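Common to both upcoming complexes is subunit A, partnered first by subunit B, then by subunit C.
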Partner chain A sequence: MDLFTAITLAVFLPFIMAAILPTAEKILKNRVGWYAAAVAFICLLLVAQALPAVVNGETVMGSLPWIPSLGVELSFYGDGLSVMFGLIVSGVGILIMSYSNEYMSKREDLSRYYRYLLMFMGSMLGMVFSSNAIQLFVFWELTSITSFMLIGYWRNRPMSVYGATKSLLVTAGGGIFMLAGFLLLGIITGTFDIATILQNTSMIALIKGHELFLPALVLIIIGAAAKSAQGPFYIWLPNAMEAPTPVSAFLHSATMVKAGIYLVARIHPIFSGTEAWFVLVSGLGIITMLAAGFLAFRQTDIKGILAYSTISQLAYMMAMYGYTSYQYPGIGVAAATFHLFNHATFKACLFLVAGIVAHETATRDITKMGGLRKDMPITFIIGTIAALSMAGVPPLNGFLSKEMFYESSLEMGHILGGPLEYLIPAAAVLGGAFTFAYSIRFIDGIFLGRRRSEHLPKHMHEPTPVMLAPPALLAILVILIGIFPSATVHYIIEPAASGILLEDVHLHVSLWHGFTAALLMTIITFIAGAALYAKYGAIAAWQDRVNARHPAWSFNSLYDRFVDGASGTSTAFAKVMQPGPLRPYLVAMLMIFLLLSAVPAVMVAGTLIPAELNFDVPAYEAVLLGLIVLASLGTAVLKKYLHAIIAVSAVGYLVSLVFIYLQAPDLAITQILVETLATIIFLLVIIKVPQTFRERITRSVLARDLLISSAVSVTVLILLLNASQGIVSPFESLSYYFIENSVPLAGGYNMVNVILVDFRGYDTLGEIVVLCLAGLGVYNLLKSRSDSK
Partner chain B sequence: MNDTLLSVSIALVFGIATFMILRRDLIRVAIGVTLLSHATNMLIVSTGAFLGDRAPIITGEEAVSTGGIFIDDLAAGILAPVIPEGTEMAYVDPLVQALTLTAIVISLATTAFLLILCYRLYQEQGTTDVSEIRRLKG
Partner chain C sequence: MTTLIAKTVSKACVPIIILFSISLLLAGHNYPGGGFIGGVMFASAISLLYIVFGLKYIDSLYRYRWDKWFAAGLMLATLTGIGAMVFRYNFLRSTYLTVSLPLLGDIKLISTTLFDLGVYLVVTGSLLFVFKTMGEDE
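Entry: the complex of A and B
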């Protein structure tokens, strides 16, 4: 199998398998999670096939036609970055789906759960391997939609629904900005293929010099920030914790939230090296890192702590991807990529541990926990390893990438000079100290000390190996990468960083690299973090007080006001537009008809009434028309239904005479038949519906209705009189075709019949369908008498 | 050039139909809808018969594209779009007639549906007054 086929298969396999999952569930019953895990495993194997190629610096490319008429192709591009993401997505996917077998109760709707998980995995793989920007957008939004489904998995919990809606509005809304940014890129370069742009240095130069550079960059960064919960968009991620915990581990720590980071990495060569790039990406990253790290103090929900820590960790990566001047890429990119990989391991592990803890204690409130190390020693060890890695303690992998974060911060500060030379490293250390503090709290609050609550179950025990093995594997990975980083760096991080920078990157990472400035910063971090942890309760209490005093001081309240306001405004608008009674609608429709037809007609013809009028008609025509008008008036004037109906059927029969006069014999016959039927139906109905009331037409109502009717009448008159002035026929009539071909093609001499049954036969079929539906409707209406009568 | 009297009549029927549609009584609304479809059908067919200012072409030759097929001289008569054996003439527009034929049949279907709705409403609510029914709904 060639690599392109392997990657295409890896993208589509999850979707196909999700479609047949209900069938698999019938056979496997509640062990269907293993089926999903197997699919993830196959995807991992498929993606891993591309690994040797990308380690050698090659890329996988290819495309399938999708909408050829629009030049849209399904094109895939695999480089080191894509393959690294593919491995994380499918690898974590295996662990999550195995873990879910035990985590999800057998009574849950497992089919729906795994279907969405598989679809999410396929969308995520599709996104990272997309070469075409539009295709990337489609998969991007698919991940938002599947995330919405999974957060709202417990449909009857209001908070789930709230969190799901919030995440969809923020992430999918951000996606629209990203699409606009892609469209600008397309306008600048004339192509939507990202791989083409990346491999074409003149195109990149063109973009950097273009006046649309900044708008395109800002729009794409908004999309990335919304997806990765950066800046003001962070608000959706804490509410997304309403999802089942394996979903949080998969989507909201290891994969989906990194889509924004992926996007930043992917467009790095196109936009980086400019001042705007540094200010937007690094600025956003550093501010988010500090704010989210600080806000984590107040959280009492263990998943809430992890959510804020995820936001802050993603901000590290943002900041590092922003740390690049064009002349000197520095180690920022490699460091960010390494941290991204490490974060996926330790954060997914922490979420899985949180899931175990919540599962056993039946609560997620950290203030009620404590002392769990005695009941669950293995979980305690796993959770401690992962949390210490997050805190940046050696010899774990989080330590290595955090050292690189400090190193790159120092380097960037040095390049920029001025006060920033000290401010950037200081911000980095402060962010690290926050991380250290909440990591320690996670360990201390849950596992150490003694039980703080009597409400905890008496007997808590280790979970089964099914739930224990996935986090244990991740914890082993955390240690292995920490002690022997070179294999991971060589096979995964270097190809990925090369894919981003478009040049060979060589990275030397080792546990001990001498007494450097970065090591000094780490030591300061630990001391500051420990000090912060000592004051933990006081800081959290202060945050609570500020929040209680100024509830409006948050992006959440802004979001709530916006959403409630939008819903209120649309309700008010609907009340105006749809008041209920029939008459306002009719008046509105008629007014629009008048505006849309009379105004253009007069504008084109240039006159209201044409100069030449023709009253020279035979006497019998004048009599016929006079009778029609008279009979029509009769329908309006006659009081009794019966009389009015006789008048309306008189109009109908007279119209058939007009058709004869207008040389339309087929219409005349049809009209006579239809009129007869219509009269019979009218009469049948009024036998059952006696005159029940007589509308009292007041003067004002009469004046209003007469005004509207006259306006309609005059409009039609103007239209008809001007119809001969050449306003309706700017192109040749289709009729010539039918006249010429009626005999040669259809062999019929009556052109109307030929058009109906031959040239436009499908229209007639449609007409018959309408008749059938109306007949069915009538039949059912007559049958559906309510029981009350 | 044009048949002004026919145009005026059609316009008047349009006006009366509009007046009827604005009534509160649903049976009268149904009558208005019927009138409206009559007026519309006449309008479409008449534009087919009187379109353009092109010369009437009655040649002894084939009825092929002569550039103008519509007769607007009433004295000379209007020709139905039926091809008699052995003659070649210019015709009124067959296409609008085909369209109108479909429209006539469909308007019957809608009228029937509307009337049965009126009937069922009367059965359930005892009235065909739109405002009254709305009040009942609350």
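Entry: the complex of A and C
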């Protein structure tokens, strides 16, 4: 199998397998999670096939026709970066879906759960391998939508629904900004193919010199920040913790939240090496890193602590990708990529441990835990390894990438000079100290100290191997990468960094490389972190006090006010646009008709009434027309519904007689039949309502309605008079075309029918769709009313 | 309206109306008629049954799911369009084939007849679906 086919298959396989998952569930019952894990495993194998090629510095490219008439293709591009993400997504996917087998209760709707997980995995793979920016956007929003479905998995919990809505509004809304940024890129370069732009140095130079450079960059960064919960957009991630814990481990720590980081890495060659890139990306990253690290102190929910730590860790990567200068555009790229990979291992592990703890203790409140090391020694060891890796303790993988973070911060500071030479490393150390403090809190609060038996169940035990194995595997990976980093670095990190920087990158990562400035910074971090941990309770209490005193000082309250305000505004808008009674709609429709037809008719025809009028009406037609006028008057005057309805149908049948005189059998049959059915519908309705018109109509309303309806009648009269003189000059009749072509092109002599099903078949298709929807609409209206009773 | 006369007359009429509606559908390409008119006529035949014999009685004989009809019709009409794409033509592109049959002479088989059948089913299904929903509503 060639690599392009393998990647295409890896993207679409999860979607196909999700579609047939309900069938698989019938066979496997509640073991269907293994089926999903198997799909993830196949995806991993497919993606891994591309690994040897990207290690050699090659890329996988190819495209399939999608909308050939518009020149839109489904194109995939696989380089080191995409393959690394592909491996993380499918690899963590296997672990998560296996773990879920035990975590999710058998009573849950498992089919829905795994379907969304698989669809998410496919969207994520599709996104990282997308070459076309528009295609990337589509997959990007698909990940937002599947994330929405998974956060809101427990539909009956208000907080789940709130969290799901929030994440969708923020991430998908950010996606729209990103799309606007892509459109600007498309305007500048004339192509949406990111791979083409990356391989074309003149295009990159063109973008960097273009006046739309800054708007495009800002828009794309907004999209990335919203997805990766950076800056003010962080608010969705803590609420997303309402999802089942495996989902949080998969989407909200290891993969989806890294989509923004992926995007920043992907567009790195296009935008980096500029001041704007450093200020926007690094600035955002450093501020978020400090703020989120600080805010983590207040959290008492173990998943909340992890959520804030995820925000802060993603901000590390943001900051590192942002480190740039004209000579060295990618100072922190290798470090950031390495940290990204390590973070996926230890954070997913931590979430899975949190899931085990919450599963066994039936609470997520860290203040109610403690001393669990005796009940669950293996979980304790796994959790400690992962948390220490996050804290940056040697010899774990988090230590290595944290050191690289410090090195790149030092280098960036050195290049900038001035006060920033010390400020940037200082900020990095402070961020590290926060991380150290909350990592220790995680271990200490859950596993060490006194067992708070009053809050905990009496008998707690280790979970089954199904739940223990995935985090254990990740913990082993954390240690292995920490002690023997060279394999991972050579096969995964180097190709990924080369893919970002578009040049060969060689890294030398080892556990001990002498007593360097970065090591000194690590030691300071540990001391400062320990000092912060000593004051942990005091800081958290202070944050609580500030929050209680100034409830409006948060992005969350801003979001709430915005969303509540939006629903208020839309309600007000709907009250104006959808008042309820039919009369206002009719008034609006008729007024628009007057505006659109009376004005042009007068302008085009020049004169209101044609000079010569042909009033040669035979007697029988005159009688018919007189009857129509009478019946119409009857509909307006009669007091009872039944009488009015009979008058209306009389008008209809009389009009069908007119059609017969005019030799239009098609129209006549249609008119008769439709009239019959309309009468039946009317009768079905009026059985259930009062039999007379109850409404009081004031004189002014009556006058207004009379005025409007007579104006409309006069307009129609004028239009008809003009039409009877032949087609007005600037227009040509369409009928000749159909008269000439209906037999040779469509093989039918009934022109009306040929137009309906052939020439304008698309319109008819739309109309029958409307008919179906109307049927369903009536059904829903009536059924929802009887439900609410 | 459930008089004996109405019942007897509609028993005789409904089959004829249905046959006529089918002939309207099939003849539609060359003579007055077509899927829409045929569908409406079919719907009026069935609604005649509903009115004369009552919803409950007809349902007790056979409980019809009209929503399936319009779903099938929409599917058929869409598939007719996609069928043209299989042969690498544009969506909804039509074609016809003239075949000579003994006794019947030359007959034109037109692909849009299938599309018209879809229209017929949608019109019938959705109208009767609405009728039934309204009629059942308490």
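Simple rule for what comes next: the second predicted complex is superposed on the first by the 609 of 789 C-alpha atoms of A that agree within 3 Å, B and C clash if a C-alpha of one lies under 4 Å from a C-alpha of the other, contacts with A are read in each partner's own complex, and residues count from 1 in each chain.
As a convention for this text, a contact is a pair of C-beta atoms (placed from the backbone, for glycine too) under 8 Å apart; a residue touches a chain by one contact, two chains touch by 3 or more.
Everything quoted here is computed from the prediction, not taken from an experiment.
Look at A:Ala172: by the touch rule set out above, it reaches neither subunit B nor subunit C. The partner of subunit A that touches more of its residues, comparing subunit B with subunit C, is B. Judged by the touch definition given at the top, the superposed model places A:Lys688 against both subunit B and subunit C.
Of the two partner chains placed around the shared chain by superposition, neither subunit B nor subunit C is touched by A:Leu136. By the touch criterion defined above, A:Asn750 lies against subunit B and subunit C together after alignment on the C-alpha atoms of chain A.
Once the two complexes are laid over each other on the shared chain, residue contacts for A:Ala774 go to subunit B and to subunit C alike. When the two complexes are overlaid on their common chain A, residue A:Asp666 makes contact with subunit B and with subunit C alike.
Within the superposed three-chain model, A:Leu765 lies in touch with subunit C and out of touch with subunit B [touch as defined at top].
By the touch criterion defined above, A:Thr676 lies against subunit C but remains apart from subunit B after alignment on the C-alpha atoms of chain A.
Shared contact residues of subunit A with subunit B and subunit C: 665-666, 670, 674, 677, 681, 685, 688, 749-750, 752, 756, 764, 771, 774-775, 778, 782, 786.
Those residues of subunit B whose C-beta lies close enough to touch subunit A in the complex are 1-25, 27-32, 34-35, 38-39, 41-43, 45-53, 63-65, 69, 72, 74, 78-85, 91-98, 100-102, 104-113, 115-120, 122-124, 126-132, 134. Across the complex, subunit A is touched by residues 24, 28-37, 40-41, 43-44, 47, 51, 67, 70-71, 73-74, 77-78, 81, 91-92, 94, 96, 108, 110, 112, 115-116, 118-119, 122-123, 125-127, 129-131, 133-135, 137-138 of subunit C. Residues 665-666, 669-670, 673-674, 676-677, 680-681, 684-685, 688, 746-750, 752-754, 756-758, 761-762, 764-765, 768-769, 771-772, 774-776, 778-779, 782-783, 786 of subunit A are the ones that touch subunit C when the two sit in their complex.
Of all residues in subunit A, only 580-583, 586-587, 590, 610, 612-618, 621-622, 625-626, 628-629, 632-633, 635-636, 641, 644-645, 648, 651-652, 655, 658-659, 662-667, 670-671, 674, 677-678, 681-682, 685-686, 688-689, 692-693, 695, 705-706, 708-710, 712-714, 716-717, 720-721, 723-724, 726, 728-729, 733-736, 738-740, 742-743, 749-752, 755-756, 760, 763-764, 767, 770-771, 773-775, 777-778, 781-782, 784-786, 789 touch subunit B in the complex they form.
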